[in-house]
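Common to both upcoming complexes is chain A, partnered first by chain B, then by chain C.
And now, the complex of A and B:
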């Protein structure tokens, strides 16, 4: 068993063998089918996918395994337990968000603490026009705009608006030093949330703290009709979870593909140069401002797109979804997975999402069950009546503590993350060879 | 418009003196470590909560309210100071030992500490009292007017806040300027390597800087509680951001700068809250007050990141 685990870990480091991957994929499939109620299968599937897309793994294997597991096995298991779709959708949305933040924080080394602000811009872009809300300030009663074409059009507009906002923020902010940039982005993120909270007067644009509901979803009539032709009776309510799962999956895959392409482009190299030493990068002719701006705008665009998807999926948008905590949640995913590492970030997103919406919630349910049972626990001389458990003791609400611990421990013991960036690993190795110190001898 | 000005200035100076005390913690830590101690807002919160607990337990006994306040200030300062030292010892020192060169790592760690402390306090309060919103008792002895002049009513509690704040800041100035410890702190801030060659132990000095800055922040938390009557584990966030703004306003790293910055920011904020609705006919109300601090911060960092009194910082290669 230990040997097997060690091999798995070695696989993560970039040396997986095909039989091992096949066995892993099969095992993940079995877990998915055998235990559709737990998130273990999904996590396992993503772990195998991470191993299969390692640096030295053949590209085709990774694609095939990914398509089989996430495209077929997870939906198949999800038919028996639709919670899996909800979980998968959340993981997909967060993975795309984290990949966007990873471009800013991981690749370009710019700490953005206001990332949820761009998410809010995207979400409100669709929420305002995809609901009766826009009638409040555009007369004529044209709204809500229903139907798929409108949604995809506004998702596109959300991307553009978020990218513009990213550029506007970046234009002045990116001249600042790293830690000041972080505080300014924090302030701007808060400003966006405050505006969403208060722009219900004098003109009602965002409907203030009550939020906007209901937000239209893109139509799935074509899917329902298609299923009917296949002889499956399903209504829109059954189809939406699958639909959004695939939308989120698609978005996450697109985000991963774009990230990979950017990482390998001249901009990817420029970002790494800026991250490692800005002054040196500038002096060898890297267009620092342009590269930083591109990173900021791309990250914001990802966030804006996922905001529109989020608004449609939840059918409800309120300022509460775009707090500082939300920005930090995405940041924790990036830090846990590994700054700059695309596979790592996806893995981090999966773990944090599962932790957030399943593990902590289950723990809460367990405690409240214990409280209601009124059981008395005997520990030698000490008796505890479980009905006296404080109702405030609810792990699902303590995500800050969990995130805080993750961040501190990762920063102290493993700043590279769980699956560190390949380029950094190589640098560390060569650095250690040449001057006996670890590669980043910056200070 | 003008007739409310004296009141605005007094209110602003009250708020400003609390910001100034918190800003000192940011600026001192920045001086010795070059780190924006994001967790300082939670140190402030710990002081505020400790003070509330002292009031909660001593007020029913029937002690003199001024004695209780003194006890609350002492307990708040002590608990916050200890918390700050613990944070330095367990989160920041390991980073200095075997951290990577990445400048963002300490800042990210500080954010993690901030989140952890918020929920730790919430957990303790949740288990202890099964609620985490704690009120400071409104004591008649504090609410009475000390004097009224030119339309300004100065309550006793306001006088207390100003007196304590000014007294503690004067004490800090003496500490930094006149004592051995102060000299050591200034030496480490200037050049920690050279200081250690002169026989100063930077780690010990950094630890004591956290103790001093944390205690000031904790006492400020108690004063904040007296002013606003209710505290909770998340109460530190906004005052923290504002105090940081104040520190930058006065030139981060500078102790008199932080005091002046705090005062300026407090008055600007109070004036904004009072005059914005008047100036815009109620369209933009006081709900944008928090935004105002951010606007000040952002404009400041864009145009004068070295602060109003500081010298520009030059990156040396």
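And now, the complex of A and C:
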């Protein structure tokens, strides 16, 4: 197993062969089915997907393996362990967030420490109108706006609002460079959170620190009815985890597709050029201000969309969810995965999410279990009463340190990230596109 | 001289605090000329380039490109209008491939919007394909076609210099500013460079303004030479005159060296 894993990891860098990929996919599937209780299967599936979408892997293979693993194998395992849906949904949301931040930080090289602010804008956009909250300032009792069309409409509005907010924040902030930009975005991100915190008077818009609850979820009646027709009895409560898993998966796929499309256009090239050398970029005619603004708005739009999804999934939104730590968490995903590398960032999101809501939480449960057991450990002359375990061991107390360590270690040992950015090699073989899509255009 | 005016600078001043790096410099460059700017270190040559390309704003004076005032325009506008440049201390996009570096140079010539970049329709693919074709042409012209997929940072020094020129050509300039293109080259290489600069003018129809220290290159290819010292123009003329000019010799070598020739 270990040897196989090692081969898979090697495949990330080199050229994975089709049989190897198929074997990997099968293994991931088996892990998912055999051990649905463990989140290892999900990580393994994503690892195989990373190998299958590599630079040298055939494009179709990657798509097929991805669809089979994430579209069928994970949901199949999730039916036996619904926590897998929760985990998968979180990974999907964070992957899309990280992909958005990757455009700003990874491609354009603009350190944005206020990214959670745009997430908040998206979340509140749906939370306010998808709950009775809006009745507080719009008379008539029209709210909440229930039902799927409203949710998807407001998800779209969230995208637009976040993009506008990104542009507005960008206007003053992008005149600054490097550390100064980081400080200003940090401040503006906090300002958005504080607005959410304090906009409960004179007009109660955000309901302040108590947050908004309950937020409507898009209706899944059609799914329930569909399942019933197939002879499966399920109520909405059973269906929601699957529903949100697929929504998050879809959003992450869309984010990856958009990132890839932009990366392979003049906009992506302009962003990377600005990151590499802003002065040179200006002097060859790249409108640097406009390009930066576009990066900011695009990243913010991803964040806004995921905010709306997050609000609906949690059915509860409060300023607590949009702290500085949230911005840092997404940044760590980008740094860990590899700045500018789309596959890397998705991988980073998966690892950090699993670390965050699985590993650290399990460790915390383990500690409290140990504490309650009151076990006494005897080591020759030294005795330790587990009920006196200091609370400082709780991961919540040093979560930031864990992330800080990840960033420091990555910067020292692998500054390019786990899957470093590989500037695409296929475009340049000839004037015509070598991946074959351009042949159609010329005909 | 003669011919139509490409670039004209009129009493351009650029100050850094109390120091006037460029102190009232005026000159013209005509279409199809190769003009060199020489002068001792710190004479303000590169600052003049930065002002001409809009990277730094002139404190006073006027700069016109084909009669159009450009001194207030941002660098990217000036580039789009037709002035491209290379840098003394090479500034490539190191993490991008050779090919992509040239593609970035074509940014303002590629005509599609954000939406079509997402949808990748026929218009998008046509524009990208023709840009690719042009980029490959430029790489062939500069002899870098074999290295198209290498990262710019991994190129040997001479190729990096050539790539900078290829990238500048991708902007589609009328006027090309070269900042010490022969720096660090041995006589054979700089001979080839002279040849190449001449080809740029003859085959690409460019006007060239060049800062250079290697006198064999300067004397070999310049139609005219402009000499700066302490931010001022101290001489201007064809190579033969500059070679004999006592002020130039003094600025370069000090007054006691007046007997020696450049």
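Just so it is clear, the second predicted complex is superposed on the first by the 412 of 443 C-alpha atoms of A that agree within 3 Å, B and C clash if a C-alpha of one lies under 4 Å from a C-alpha of the other, contacts with A are read in each partner's own complex, and residues count from 1 in each chain.
The working rule: a contact is a pair of C-beta atoms (placed from the backbone, for glycine too) under 8 Å apart; a residue touches a chain by one contact, two chains touch by 3 or more.
This structure is a prediction, so every number in the text was calculated from the model and none was measured.
Peer 1: Look at A:262 in the shared chain and tell me whether it touches chain B only, chain C only, both, or neither; answer first, second, both or neither.
Peer 2: A:262 contacts chain C only, not chain B.
Peer 1: Counting only touches as set out at the top, which of chain B and chain C does A:270 meet: first, second, both, neither?
Peer 2: A:270 sits against chain C, while chain B stays out of touch.
Peer 1: Can you tell me whether chain B or chain C touches more residues on chain A?
Peer 2: On the superposition, B touches more of the residues of chain A.
Peer 1: Examine A:287 and indicate which partner it touches, taking first as chain B and second as chain C; both and neither are also allowed.
Peer 2: second
Peer 1: Just checking: does A:238 make contact with chain B only, chain C only, both, or neither of them? Give me first, second, both or neither.
Peer 2: Neither partner.
Peer 1: Looking at the overlay, what does A:200 touch: chain B (first), chain C (second), both, or neither?
Peer 2: A:200 sits against neither chain B nor chain C.
Peer 1: For A:279, using the defined touch cut-off, is the partner it touches chain B, chain C, both, or neither? Pick first, second, both or neither.
Peer 2: both
Peer 1: Now for A:412: first (chain B), second (chain C), both, or neither, which partner does it touch?
Peer 2: Once the two structures are laid over each other on A, A:412 reaches chain B alone.
Peer 1: Answer with first, second, both or neither: which of chain B and chain C does A:180 touch in the superposed model?
Peer 2: Touch status of A:180: first partner only.
Peer 1: Please write out, lowest number first, the residues of chain A touched by both chain B and chain C across the two complexes.
Peer 2: Shared contact residues on chain A: 279-280, 438, 440-442.
Peer 1: Residues of chain C touching chain A in their complex?
Peer 2: 53-55, 74-76, 79-80, 84-85, 87, 91-100, 103-108, 110, 112, 114, 117-118, 120, 122, 124-126, 128-129, 131-133, 135-137, 148-149, 151, 167-168, 170-171
Peer 1: Going by the contact rule set out above, which residues of chain A touch chain B in the complex?
Peer 2: 105, 109, 111, 113, 172-173, 175-180, 182-184, 186-188, 190-191, 194-195, 197-198, 201-202, 279-280, 324, 328, 331, 335, 390-393, 398, 400-401, 403-408, 411-412, 415, 438, 440-443
Peer 1: Can you list the chain A residues touching chain C in their complex?
Peer 2: Touch residues, chain A against chain C: 258, 261-262, 265-267, 269-270, 272-273, 275-277, 279-288, 294, 340, 421, 423, 425, 427-433, 437-438, 440-442.
Peer 1: So in the complex, the part of chain B that touches chain A is made up of which residues?
Peer 2: Those in contact with chain A are residues 35-36, 91, 94-95, 99-109, 111-120, 122-123, 125-127, 130-132, 237, 241, 244, 248, 283, 287-288, 290-291, 294-295, 297-298, 301-302, 305, 315, 317.
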